[in-house]
Structure formats: C-alpha cells, structure tokens
Amino acid sequence: MSSRYNSILTEIYNEALPLKQTGTVANYIPELAKIDPDKFGIHLRTLDGDDFFIGDSDEKFSIQSISKVFALALAVSLIGEKVFKRVGVEPSGSSFNSLVQLEYEKGIPRNPLINAGAMVVCDILIDKLKHPKKEILNFVRKLSGNQSVSFNEHVAASEKEFGFRNAALANLVKSFGNIHHTVDEVLDIYFHICSLEMSCRDLATAFLLFANHGKLPNTHEEILTKSQTKRLSAVMQTCGFYDEAGEFSFTVGLPGKSGVGGGIVALHPHKYAVATWSPRLNAKGNSVMGMKALELLTTKLGSSIF
Amino acid sequence: MSSRYNSILTEIYNEALPLKQTGTVANYIPELAKIDPDKFGIHLRTLDGDDFFIGDSDEKFSIQSISKVFALALAVSLIGEKVFKRVGVEPSGSSFNSLVQLEYEKGIPRNPLINAGAMVVCDILIDKLKHPKKEILNFVRKLSGNQSVSFNEHVAASEKEFGFRNAALANLVKSFGNIHHTVDEVLDIYFHICSLEMSCRDLATAFLLFANHGKLPNTHEEILTKSQTKRLSAVMQTCGFYDEAGEFSFTVGLPGKSGVGGGIVALHPHKYAVATWSPRLNAKGNSVMGMKALELLTTKLGSSIF
Amino acid sequence: MSSRYNSILTEIYNEALPLKQTGTVANYIPELAKIDPDKFGIHLRTLDGDDFFIGDSDEKFSIQSISKVFALALAVSLIGEKVFKRVGVEPSGSSFNSLVQLEYEKGIPRNPLINAGAMVVCDILIDKLKHPKKEILNFVRKLSGNQSVSFNEHVAASEKEFGFRNAALANLVKSFGNIHHTVDEVLDIYFHICSLEMSCRDLATAFLLFANHGKLPNTHEEILTKSQTKRLSAVMQTCGFYDEAGEFSFTVGLPGKSGVGGGIVALHPHKYAVATWSPRLNAKGNSVMGMKALELLTTKLGSSIF
Amino acid sequence: MSSRYNSILTEIYNEALPLKQTGTVANYIPELAKIDPDKFGIHLRTLDGDDFFIGDSDEKFSIQSISKVFALALAVSLIGEKVFKRVGVEPSGSSFNSLVQLEYEKGIPRNPLINAGAMVVCDILIDKLKHPKKEILNFVRKLSGNQSVSFNEHVAASEKEFGFRNAALANLVKSFGNIHHTVDEVLDIYFHICSLEMSCRDLATAFLLFANHGKLPNTHEEILTKSQTKRLSAVMQTCGFYDEAGEFSFTVGLPGKSGVGGGIVALHPHKYAVATWSPRLNAKGNSVMGMKALELLTTKLGSSIF
C-alpha cells in the first residue's frame, strides 16, 4: 500500500503542476499577498500512522478559515450540541446576501464555517475558557502533535486593521444578542485563529481526529463523540468550501475545509486525512492546485464517499 | 443478512411510529390535502436484489420533488455535463431569497433540485425528446421496473391552477433567456413530473441506479457514467432536502431526495437504496417519520457515508 | 405673461439642444428602438387655457409608464381610496430588489407607479369596467380632449412578446392573491396602456386635471376630489421617476411622471402642466433633454414647489 | 392673520388630543423610554417673525434623527454639492434591506437622512471641523437662536451602549472606503447629534432657514445658497419620514423630518416652519399626534405644496 500511495502522490503532484500559473493569491491583507505563489505541497496521513508527502508539505502557512473547524471542534467538545442552538448547520448560498440572511434569520448564522458563525463559536470559547487564545493554541497543538504551531501576530494585526466587514458582521450578530462578549474580544480571538500557521503535515495529522470517530489516533483519547464527529464531517461536507461545496462534493467527494491562505484539508472517514497547500486561488477563493490534487487523489484511489 | 435487515426494519417502523401525530400534510394544492395522513411505509432494496419492506410500502403516492432527480438523470443521460452550463450545483440557502438569487445569478438556477432549476431541466428535455411526457414516463418505468407508474392528471391540473409562484419563477428564468421553449410548455412538463405516482418499492428500485455506478442492476445497461452518477449523488447530498440538507447529511448521512407528498428516497453507494413514505411534514417540508426512520436505519446499520 | 412663456420656451429649447447626442433610446422592444432619436418637443398649458409649445410637440409617441398615472386616476375615480388597500404609496428604492420587496411585503406593491403596482391597478379596472380597454381609452381621450389618442397594437404585441419579467411580477403578485383576474387579462390591459400614443400637447392638456384640483379645466367636471388629486400628486412627487425621484424633486421640483418612450410630464399645482419628449434616456431611464428642459423651466420661472 | 393662526393651533391641538393613547414610546434605549408619553406641544413661526404655540412647546426633548438635517446643512455649507458624491439623494425603500442596499450600492448610502448616510455626513464634518462637536453645537444654537441647546451625554452614552446595529452600518460603509475617520470617531459624533435636546420653538426657529432660501431670517446671513436649500427641502420631502415619506407627502404635503423622540418639524417654503412633539409613535416610527396635527394644519390653512 505504502508504495502505491507514494507513487500516486508523485503522479498527482506532477499532473497538478501545469496549473501553477492559474489563479490569484489572496491580497485583501498585505501579509497574505507577500507569500511565494509557487509553493505546492501535499501530505496524506493514514489511520495506520503512515505518512506520504511531497513538495512544500512541511512549510507552515496561514491556515485562515481552516481554523474555523478547530474552533468548532473545541466548542463542541466543551458544550456539545448546545453550540447548534446559536449557529445553524445549513449551507448559506452565495455570499452576496450574507448580511441580509443574517438579518432574516435574526442573528443566527447559517453555519459555523461562515465568518459570522465562527464569531459566535469564538464567543462561546471566550465564555468557557479562562485563557482562550492559549487554550485554543494548546488544543490545535495537541491535535497536530506539533508544539511549534502558533499565531502570526502580524497577520492577526493586519486582519484587524482591514477587518471592517468582519466588524460589521460581528456588530450585526451582537445587535441580535447572539454575541455575549464585546465585539473587540470576539474579533481578537477570531483574527488570531485565522492567523494560525501550520504545515500540510500538521493539518493532515490534526484532521485524522475526524477520520477516527473523534478519538486521537495515537492515544485513543476521545475528544468528540462519534455523533459529534459525524456532525462536524456533515457540516464540512455541505459548508466547507464557500460557494463551491457542491463542486467539491462532486470533484473530490470528501468532507473538508479550505482557507484563503491556499490550504485545503479533507478526510476519508475511517481511512485518512490529507492536506494540500498552494496559494493561487480560483474565483471562489479555493486553491486551484489543491482542488485539482484532491480530485486526482480520490479518482486514482477510487475513494470518494459517493 | 436478510434476517438482520428484516428485524431492523421492524424496529425502525415501531420506533418511528410514535411520531405519527407530528407534522402537517402539505395542503398548498387540494389534491395533496386529501391523502390519509397516517400512511407509513418503508422499502429497502440491496444491490444484490434483496427486498425488505414494511407498512404501506406498496401503495403509490405523489412523489412531487423526488421527480426532479429523474428529470435530471434523463437530461444528463441525453446531453451529459452540458446540463450544468444552464444550472448550477451549489446549495441555495434559505428559500426566502430564491427570486433575488435568480436575479443576482442572471437566471442560472443554483442547482437542478430547486424549482427553477428543475424547470430548466424540463426545458432541456423538451428540446431533446420528441414526446417528452411519454418518454420521461418510459424512463421512470424502466428504472423502477414498473410499467404501471403514471402521472396523476388531477394533481398536474391542480398544480397548474395554483402554480402562480412557479409561473413567476419560469417567467423570470425565461426573461434571462435560460428557458427556450414557452413557459406553458415547460410548466406543463414540470407539473406533470411532480404528479408522478410511485410506491416506496418503485422508488427504492429506481434509485438503485445511483448506488450502482449508473448501471441498471438487473441488465447492467449503463444509463449514466460513473462520473455522472457521482455528480448526481453529490447534488442530492448538498441540495436534496430543501433547507435541511445539512441536517439530513448529519442525521442520515446519505445522498437522497424528499418530496412534499411525504416521500423520501436515499441511497448508500455500492450497497442499497431505501424509500420511505409518511405524509406529515416538518416545518422545512420533509416527512417527519421518514426522516426519523432513515436516521434510525443508518444508526442501526452503522452505514452513514461519514 | 404669454410672451414671457414663449421666449422662455425658446430659450429652454435652445439650451437643451446641445444634449441631443447624450443618452440612449430604449431598445428592450424592437418597436421602441425604431424611433427617430432626435425628436424634441415641449408643450406647456396653463390653467387659463394658454398654450406654449416648440419643436415636435404635436407628434405622438409611446407614452409607456406615463400611462400608469391615467390608470391610477381612473381607478381612484371609480373606487376612491380603496385602491390604496391593494397598493402602497411609498417609494420603492432601487429596482434591483423589486421582486424581493414584493415578497417581503406579501404581494402589496410599494406604489402604483412601479410595474407591479400598475398591474394591480389594471386588475381593479378589469373589475370595475365592462370594456376596460375601450373605457380607459375614452378616459384618456376625455382628459386630453383628443379623440384620436389610441393604443399602438404593434407596441402592445411587442411588449407581450418580450414581457417575461412583467409576467413574472404579475404571477408573483397573483400568488399572494392580490390579482383577481387572470395574469393574461391583466397583462393585456397593462401592455395596452403602455402602448398609448399621445403628443406633448395631449399630455399637458390631460395633466391639467391634477393642477386643477381634479376638475376638468374646461367643463369644471369633477373627476377626482381635491384630496384624491393631492394624493396623486404626492405619489408622482415621491415615486414618479424610477430611481431619480429625489433628483427630479431637486432639479425640477414638480410632481410628474416619465416614460421610457422619452416623454415626461409635470405639473405645477394651480398653475400649469408641461410635457416634453425626447427619446434619448439617461442611465436611470429618464429623457436627458426632457429633464434638462424642465430643470431650466422651473429655474427660469422660479416656480418649483420648494 | 395672527388671530387666525392662534385659533387654528388651538383647534388642531384639541382635535389631535383624542389620539393621546395611541402609539408607543421608543424604548430601544432606556433613556428615551423614561419620557412622559403624554407630552404634546406645537410651535409655528412665520417668516415675518410671528410665533404661535400651544402645549409643551417650550420643553426640550431628544431630537434624534431630526439632527441629521442640521448635520447635512452644515456639511453642505462647508463643502457644497460635493457632499452628494458620497451620499445619494434617493429614497431608500423599506428598511428591511438597508444593509443589502448598502452592499449593492458599494457603500454609498441612498440618502443623508438614513443612518448610514448621516454617518458619512458626520465623517465629512470631522474632516472639515477642528472641534466637530463644539462647532456643530454652535451651528444649531445659531440657527435656533438658543444658546442653551446642548447634547444629552446620558442619551449619547446610552445610544453607544446599545448601538450595535449602527456600528454594523458604520463598519460596512468603512469597508467600502466611504468613511475616512475611525468608526469610533464617527459614531461618537453621530450619537452626540442624535442626543441634541431642543424644544418645538427651537426647531421651528432653526428650520425657518430652509423656508427662507438658506438665509437666517433675522440677520439675512446666507448659510446655504438658494439651490442648496432647494436640494435639502427636496431630500426632506422624499426621504424625511422613514417608510412614510409618501404618506407624509400626501397627508401633510410639506418637506420635513421626524425623530423617534417624538418630534416632527416641517416647513412651507417662503412661509413658515412648524414643529410638533408627542412621544407616542406609530408602527413606522413617526409621532402619532404630530402627524395628525400637521395634517390638520395644512388642511385648515389650505397650504400644502400640492
């Protein structure tokens, strides 16, 4: 098996490479625009503990929205299904109406993987944690098995400096009473988790949790129940790719999450987790080469959930 | 195995039954309001050809929106992926903004399982079929192996009589040039397919196609390619349950489609298809006992895709 | 006075003329696109019965949306304030959300001068008139004192052929129960009144009614009460110029109504009515030279209502 | 004349009084909810300098949104028509879509009398004034001829404490670059002007400016040009009454502005300004007795602009 994965990863890497010039690096904050656009890495880790990787898979990058999954997992581990009284589990449709949707639904964000939803999750974490930033960091370090994972304070500061639209969302949610702490506290946590830097290896390792019924693969510690894990995978499947959830379900066919830093992470329940990184994004905000690599992977492995 | 499925179906049936009084029968057209609200049936058919059933599983009912999957499958079998140039594959968010979304996206419906999308699919079928109604009927009869499947002309006429909102959608799509035939022709097909009457047995049999890579299980005739079948399952997974796609993904974890007649059909790729029928609907328009029965089924079988 | 109006009209005409090349003729139906874009006429009629005119003021053109005022006046003369139980009196904001607004307000159009509102007015006219088209025509002929005013059947047919967006609106209103007759009947009236052809002289004469407390200036017959007339002027002031009602209130400062055929008619209560015609429209759908001419008129006369 | 106005005011007062129990006092901030709901005053001042008043016309109250007119007048006096490059002059339709409209129109508020528009005006004032709060206060004191007019710091603080929706609007506008200073600075000015306390006498005196072509009636100092004054009156006419601009145009027929503190002020160009105060509001946020009193006034005087 090992040699098969190895050769498939090499194939994928080479077949995706011609797309190197396609897409645009996110530039809504200066910090992200600085990144080398030609980076490309893949890391796949199986439940058996085998690692397969290629390219820049050990280099850390800004995980951005992928962090919403970690925040959600931590919140669910703390207060269980009660999270879903304050945030929905349904896809949100195109983003052009995110504000009107929030109004229509009285400040209950459609799901925890859109910005407003992640802010409500951050509000829950502030409530339940004594030192939210430190404890979130410890949680991610534990899942990824890497103590060097950390926030990038420059990115967090840059997000804050240009984050007026996010401040609008947070204030609107708060006007409906669905944020309990101050907008500043919530955005501080939100911008920090977005700034988390991890490698493909870190992400693949951390997401094995969801492929493993909510238990850490090495220690078998239960972080989430089976049912909670299924819920999180379902949310990723239907809401994890901005306005390409349907496209990703088809082309890749795995639950996962992408970030505008160019990272994508996906998992095959009971089998493996895989992360890719390539900064150039398509018009919907998802990594061009990452999408291609994952499509090739599930095609070659014949391992989509459909 | 056989006896296990049998006993599980009996368990499910009995555990769902206490919900008998919950929910409301669809009454937006008089024909649907007449139905006996206490009907309840389940039929599961495996790829091996085994049938398991209980309750009113052999009684025909109005399949309503489930028919959108048949129309889509037929259109894709006729012109392939070109269908998706005229209709998207992304979930649509809450229905309150279906009209504004259609405007914003210039008459391209978000997916083929919302009303506007199904109308575009009907427009394609009119284009490609000499006798659309007859040929659609033959297609559904072939998939279900039941020559007695037919339209209910009273229901079709009733839909037309009260179908002003659907006429608004069709005209709006046509104003953008994405309907080529007359609105009357398109709505005639649309209202007819909604009026199709099938039993749980018929539906489970017909949906085996999607569990079997697009081949008819008995003759192995290829109706759809593997890739097309995956596309259809992905669309059902993300868009098949109105505003409960995320909820269904979590509680049931299978691709499927529901109708306001109280039917639900779902499939486990490579394994089985299962249909339920119970007319009382929850607030989102999905059958209360059907949702419960399918949740219990995948829990007891441990067979969700997540 | 007479010589003063005469010289002012000549000045206005000459000062507006340099805008001759600015703007675009409406072309959403072929019939309108055929018009000579260089036409330009003005006609002002005082309550004393004096006429002042210049250019193509005696040539008939398609009055389009100006007809909504006639339909409304006739409906109010028939059933009084009850009209405003089925249609509002508030401006509608930008047109991009006309459909969602209609949904949000449960099928009650914001005002009678937007398309959906005029359709409800047509529905009322069908209800109250034995031969709606004939009687509407007689009403307009009576107000304008011109028995040759008539519908242009080619324009009406052309509107119908391309009127899918209007059919969408009518069906949506009907889905809320606020259209009682069939959509076809309502659209037939609606498209016919849009096709009315009148000259600047006809329009100025007809709108004197609103400058004269609702009485015909020659016979003193009361068509509308004082209060009803005030209501109609207020509606024209706030809703008569698509998305330029505020702009027109400022630059011209008179209640009035424009049409995409290039006509504009306005009135100074207790004083005069004035109509202009020039087919080239600005981006908001109002006649470029017409707007300019009326701005110059009220500036030179010092006769805005503000 | 004097005795006529006097007796009319007495009539109006008595005829409006039976509505005393109708409507609800604004309670979105605790400070406003404390007010005695039975207060009722009217003050009319003519251009000739005559004053007519009745009831609680000399008692100060929170002018709330009426202050938007003062901010706008000051901004226009400072930078002229350039104000309207950053804020529109068109009515906004119902408030349910204020956020989506702002997005659709790229952060350019529809007009300066909605909250978002007034914030942009505040941003302009911060730009042009050394001590914005002090200079705004001086401007209002000058117009009203009352040096005791002042901010209510408790109300301003209370607005801030509960002003999350306003903070959402300000951040959204800023995300489009149409607010140049910090959101905190802009909201500080905005909440302060809302907290201005003035009596009916103060308001009627101050609004005489707009009835007098932009000149202070006593000193003849020109604060605004004739054209600027016309613009402001046109904006008040079409946008001054939330979602009742059309209704107010009809029933009262004068340009004006209302506030949720229960104040309304209106003006008849070249004649007079009049202010009313009564805290109970109708469903659209306008004072019930104030609306009634002004309707009776223009009816009895026969002095609507229509």
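Letters A, B, C and D mark the chains in the order given here, with residues in each chain numbered from 1 onward.
Note that contacts are C-beta pairs under 8 Å (C-beta built on N, C-alpha and C of every residue); 3 or more make two chains touch, one makes a residue touch a chain.
What you are looking at is a predicted structure, and each value in this text was computed from that prediction instead of being measured.
J.: So, comparing C-alpha centroids, which chain is the farthest one from chain A?
T.: Looking at centroid distances, C is the chain farthest away.
J.: Same or different for chain A and chain B, where same means more than half of the interface numbers show up on both copies?
T.: Same; most numbers are used by both chain A and chain B.
J.: How far is the middle of chain B from the middle of chain C, if each middle is the mean of its Cα atoms, in Å?
T.: Distance between chain centres: 48 Å.
J.: Report the inter-chain centroid distance for chain B and chain D in whole angstrom, where each centroid is the mean of the CA atoms.
T.: Those two chain centres are 56 Å apart.
J.: Could you tell me the distance, in whole angstrom, between the mean C-alpha positions of chain A and chain B?
T.: The separation of the two C-alpha centroids amounts to 32 Å.
J.: Residue numbers in chain C touching 2 or more other chains?
T.: 96-97, 100
J.: Linking chains that touch, what shape results: line, ring, star, complete or other?
T.: Its topology is that of a ring.
J.: Using the contact rule from the top, write out all pairs of chains that touch.
T.: Pairs flagged as touching, ordered by label: A-B, A-D, B-C, C-D.
J.: Can you name the residues of chain A that touch chain B in the complex?
T.: Against chain B, chain A makes touches at 88-94, 96-97, 100-101, 104-105, 110-111, 229-231, 233-235, 237-239, 243-247, 249-250, 253, 255, 269, 304-306.
J.: Over in the complex, which chain A residues touch chain D? Could you list them?
T.: The touching residues are 96-97, 99-100, 103, 164-165, 167-169, 171-172, 174-175, 183.
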